[in-house]
Every structure is written in C-alpha cells, then in structure tokens.
Amino acid sequence: MRIDDHPILGKAERGRSITLTVDGSPVEAFEGEPIAVALMASGHRVFRYTTKQKGPRGVFCALGRCTDCIMIVDGQANVRTCVTPARDGMVIEKQFGRGPREEKG
Amino acid sequence: MKVDDLIICRCEEVTEGEIKEAIRLGLTTMSEVKWLTRAGMGLCQGKTCGRLVMSILVRETNQPPDEVKPPTFRPPTRVMALGALANGEKETE
Amino acid sequence: MKKARAREGIRTTGIPSKEELEASPGYPKSDCLARGPIVVIECVQDIPCNPCEGACPSGAIKVGNPITNLPVFDVEKCDGCGTCIPICPGQAIFRVDMTYQTDEATVSFPYEFLPLPKKGDVVQGIDRAGGAVCEAEVLRVQQPKGFDHTAVITVIVPKNMAMEVRSIKRAKR
Amino acid sequence: MKNTDMVVVGGGAAGMAASIEAACAGAEVVLIDENERPGGQLFKQIHKFFGSEVHRAGIRGIHIGRDLLKEAEEAGVQVRLNTVVYGFFPDKCLGLMCNQHTEELQAKMIILATGASENVLAFPGWTLPGVMGAGAAQTLINIHRVLPGRSVLMVGAGNVGLIVSYQLLQAGAEVVAVVEGLPTISGYGVHASKIRRAGVPIFTGHTILRAEGKESVERVVIAAVDKSWQPLAGTEKAFEVDTVCLAVGLSPLAELAWMAGCQFIYIPEIGGWVPVHDENMETSVPGIYVAGDLAGIEEASTAMEEGRLAGLAAAEALGCLSSKDGRARKAEVWERLAALRIGSFGHGRALAMEKILRAKGVG
C-alpha cells in the first residue's frame, strides 16, 4: 500500500530497489527507508509477539520511542524497525518475547 | 474483558489491576509504582504509559494531579546497547 | 431553543450553521449574489489568521488588527477573481456566480485530492455535510504553480444548489 | 571534552529557529537531533499554515521546514544528526551518543527544544497491530509514503486528529469516522469542515469501546458517553476498519529538563508538567532555555517564535548581542507571539503562559 502519487507531495522519490529476507521470504524494499515501512508496504502487520501474553504487536509510534516494532535484524534482537534504515540483504525475523522463537522467554 | 485486565504498560505488559494493587499496598508516587510493578521500566522507559499510570495514581489515591510528579529520570534517555558507554571517550557517571 | 441551536454549530458538527454563516461578515447577503461572480467567505471562528486579506488584489477583504478578527468582505470591491480561494489555510473561501445561466450557477472551491476531475466531467455536487445533493458539470480545473498544489475547481450546478454545493464527490483512486 | 557556545537539543521548528537566531548573532551553535534528518514534525505538516504573513501563513509546513534548513546552513549552524542526548550532567555537560559511541559536550548555553510525545488511550485491543498514534500515521503517509491501512477510525477531534484525518484521505485511505469524547470539536472548525465535506462523520460525545481482531485490528466498536465518560447502553456502533489512530493530546518530552534540575509547573491546558521559564524562555537553571512544545504544547508557528526568542536571549547572554539590540529583537518576537495567542483558541494558552511567568516570579 505505497503512496506513489500524492495531491500535494507529487510522485514519490525512493531509493534503490533492494531485497530483504523476512522470516525466510524475500520482501522488496527501497534502500534507506525504515525496515518497518518496507514491511507495511508488503502487508506485514505483526512484527513480534510479547513475552508474557504472547500478544501480536506492530508499529505504534513510528518515531523510535515506543519500541513496539522491535524485531531481530541480522541476528540482533530489540532493533527498532521504524527508525532503522533498510539495507540490501538484511535478514529480519519476528521477535518472540526477548529473542527468536526457540528461546523460552 | 475486565478493566483490571487492561494492559497499561505495553512494554512490560503491566495491567491496570496490577497497578491498582500496588497502590492499595500504600504506594503513592510514580517511582514507587514503577519499581514495584515494572510499569515504565521496559525498553521505552515509560514514554508511552507514563501519563496513563499517572492518571490511575491520581484517581486511586485522590491526590491532586499537580502532586503526582513523573518518576526520576536517569540517563540514558533512549535505548542503548550495553557497552556503548564503554566505547566513549571516557566513562560517565 | 437557543441551546438547541448552539448544538448545531461548527463546534459540534464541523459544519457552520446557517446562523453562523449569516452572522459572519465574510458571508455575502443574498441580494449581493445577483451581481455576478463574488466570493463567499465561510470563516466563522476567531482563528489568528489573515492571508486572505493580503491575497485580494482589489482590497475587498479586511481582517485588520487583531488577526483573530473575522474577515470583512466588501462586495463592492470584489470582482470575483478567486485569488483568495487557494490561499485560505482553512479552505473556507468559495466563489459563486448566480449569473452564469438562467437556471444554472457556478460554484468554485479548493480541492486537494487525486484524481482531479476534467473539464466536462459530470460529477456529484457535495454539500457541507458531505452529502451528494445534485449533479455538477466540471467547467474549469485551475492549478497554476502559485496555488501550491491546491486545485480550484469550478462546477455548474442548478441555481438553487449554489449556496449548498461546496465540493464534489471524491473519485476512487 | 569538547566545548561550544551553545547546544540546541532538537532540530524541529523551535530548535531550528533558535539555532538560526543564535548563529546569525555570531554564536557558535551545535544543533543536535536524534533523527536521520532534521525538521522535527515540520516535514509531516503538508497543509498550509495559519497566522499572518510574518508567521508565513498560507505556506505549507514542509516549505517552511526547507527554508529553515537552508537558513541554518547559511548561518553556520553545526547540525549533528542521528545523535541522541542520552544524559544531562553537571556544569551543562551533555552526554551524546552516535552510532553506539558516546562523547561529552559542554556548552555555555543550552536550549532544549525536545518537542512532545503523543498521549495514548488504553482500551481493550489497543495493543493490536493497527492501533497507532495519529503522528505515527502522519509520519508513514507523508514522510515514508506508505499507508498504515485502508480504512481508519480516528480518535480525537483536536487539530491533530482533524488534520491527520484529512491527510489520510489525501494519501488514499478512507477515514470511516472521527470520535471525540468531549461534547465539542476542540480543533479549528475549518479543519473539521474539510473532512465533513469529504464525507467523514464526526461523533462528538463518543468514545472507542474496543478494537477487535485476531492478529491485527479488524473491527472497532464506539459508543456515546455520558457526562462522567461512561458508555451509554444501546448506543454502540461498529465499523470494519484495519487501523485506529489515537490523537488524544500531546505531552512535553521533558526528560532532559527534569535531569537538568529545572523547576516544573503542572498546567493541564498546555500538556501537564512544563518547565517554568521567564519571558526569555530561560528556565530556573541559569543558561538553560526551553522552546516549542517542551515549553507548553502549542502550534508550529508559536514554536518557531519561542525558538527565535530563546536563541536571541541566549545569544544576548553570551554577549553576542548588545542588550539594546537584544531587547529590540525580542520585542518583535513578543509582539508576534502575542498575536498568535488571542481569540478563543489562543486565549487559554496566553493565560497558561502568564501562569508560568508568575511561577518564575517575573509575571
């Protein structure tokens, strides 16, 4: 659901076309845009599941403050995807609790 | 869903019931509630839930709102990886 | 009765009531409409704002000091050029021409959605509450650089709808 | 440790204006912003601003932002991006972090222009993906050019809720309704009129009861409320939406001001706890100034004027401006600020500002 044309802002200017791997599947993105934006554009809404209630979470503040959109990026947990620029080949995984799915947490 | 089951602190998944329980134990300040319940101690450090906790505290303790101050703020103000401070020019307190 | 009316104004519905409009010094009296194209300023709240005053090349709009004054419209000076329409940050200025045809009038309004209609399109005329009230034929779509992406659209509507129609139904993107 | 004349924290409307004034007066200014690009909320403001010609009325926020950036560059402001001020230490020393490296920077004068954060509303389902701040939606559509969803329920009919609703429509989303708990619309009526013409209903005296959905928002239920905000039975309405935006007010982002030991005052009309400051925007800690939403929630136009004021006052305190010139320049800003704080929308803020001055003992 990208906004390619806009009545005020005109045509969108985007970075180079790149590919991310999200939970094992390729996702098209534009270099430099926040990871969360590429995910939303490709229809992803659930970014992680919480520790206690295992509840789904997604983008909430989009400013890097609330930390709801954290995911595992290139093996590192708790990365705020709404303020982390996408780079070609990044490997992104949903976070379960404080880490990857296997970990009991 | 009961009001007490409502999540107030999104990071630490602290419910309204848990916060009210802490207040029933006699806690009256934001800092005390934070330490006991962990509301506001998660990754976002209370940036999202702070005002909600404050309003519950005001309501449950009948304090005037201008007597419920935010908890003490300490560095860092944003998420920092452990070791970032050690990478600096010198240690800070 | 007074209370019931207060509940109908712009602060409760987002729509200026008939009373609010008629009390506003920017809203022309109905007998002025027969003169030809004139602007209709539907500014009813004391917002600190005055770009309309500077925009009018004929000095027909006066806000003065303080800038929370409602714009006062001088129909004698207005030549209906519509320069003020895209300038108003509140999109509260329109133009009505009751002299367009015997049974038809034109209404001009600011529009900032895509897609823009084209001259000759027949669209639905929309009133202040967002309801479709009549068919409207697009007469002009103006969007020079100076408007900064705000288009000014002029549509032809039945005369009795000229003081009701304030936009057109948005087309699906 | 590095030293400089002045550090401005926050590169939004207030911080940029402060930096420009101080640098033009001859001060060495470092402007710090945690984001990849400066501008704060200005680059999300794609609508035309209110005010008068001197406030750049009729011009879109994005253009004002671009002009400020250019002015800051020309004035020689050193802009440091992607840099977080993580702490405030004695003797006006700031702890900075950039790319996981820290350093310290000491300044003779500090201007805090850290802005605000969005308030939230807790209701069943509010943690579901699809519920987000109105500011989040605005960032996504206007900066990143992606829709947060196809159909949106907006909670809150202040200016933020009304403006973001309009901008969501411009971006191609549908806004099914705006819900406002108060009996009246608190934002500008003209903003409400724009979205009414575009077909969006506004339910005053209503609240959101819950958001429902398995993995993300699929449906919301709203209801009318009585005077004590209790939902009235039988008034429930459901909407199929995938997004709920919360526009329920802003709070000053004041951590650094608290850490700096500034005195605060509680004024609910301008966002709650705000740092006490004088007519020069100087706080109770000498040499520390505040401007913009941190000094009390207002508009972008007032934020820019407060920034100019703080920048001029701090430059004067540094000796870059004579007190005669400083006084004259500040008087111009005071006059412009006063013009923005009148009428039914500005009067309450003017009273709040007087309260702050009285708390500082200068009113």
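Lettered A, B, C and D in written order, each chain numbered from 1.
Please note the rule applied: contacts are C-beta pairs under 8 Å (C-beta built on N, C-alpha and C of every residue); 3 or more make two chains touch, one makes a residue touch a chain.
Here the structure is a predicted model, which is why all the values come from computation and not from measurement.
With chain centres set to the mean of the C-alpha atoms, which chain is at the far end from chain C?
Using the mean of the C-alpha atoms as each chain's centre, the farthest one from chain C is B.
Nearest chain to the global Cα centroid?
Of the chains present, the most centrally placed is D.
Report, in whole Å, the distance between the mean C-alpha point of chain B and the mean C-alpha point of chain D.
Here the centre of chain D sits 23 Å away from the centre of chain B.
Could you please state the distance in Å, as a whole number, between where the Cα atoms of chain A are centred and where those of chain C are centred?
Roughly 43 Å, centre to centre.
Averaged over CA atoms, how far is the centre of chain B from the centre of chain C? Could you give it in whole Å?
50
Find the geometric centre of each of chain C and chain D from their Cα atoms only, then give the gap between the two centres in Å, rounded to an integer.
Averaging C-alpha atoms per chain gives centres 31 Å apart.
Mark out which residues of chain D touch at least two other chains, giving numbers and ranges.
34, 60, 117, 127, 170, 172
For chain C, give me the residues that contact two or more of the other chains.
In chain C, 112-114 touch at least two other chains.
For chain A, give me the residues that contact two or more of the other chains.
6-8, 50, 55, 57, 60-61, 64-65
On the basis of the stated criterion, which chains touch which? Give every pair.
Result for touching pairs of chains: A-B, A-C, A-D, B-D, C-D.
Any idea which chain B residues touch chain A in the complex?
Chain B reaches chain A through residues 7, 10-11, 13, 42-44, 47-48, 78-79.
Along chain B, where are the residues that touch chain D in the complex?
So the residues of chain B in touch with chain D come to 1, 6-8, 10, 16, 47-52, 65-66, 69-70, 72-78, 80-81, 83-85, 87-90, 92-93.
Flag every residue of chain A that touches chain D in the complex, lowest number first.
Touching chain D from chain A are residues 1-4, 6-9, 12, 14, 33-34, 37, 40-41, 45-47, 50, 55-65, 82-83, 85.
How about chain A: which of its residues touch chain B in the complex?
50-53, 55, 57, 60-61, 64-68, 70, 78, 80
Help me check something: in the complex, which residues belonging to chain C touch chain A?
112-114, 116, 149
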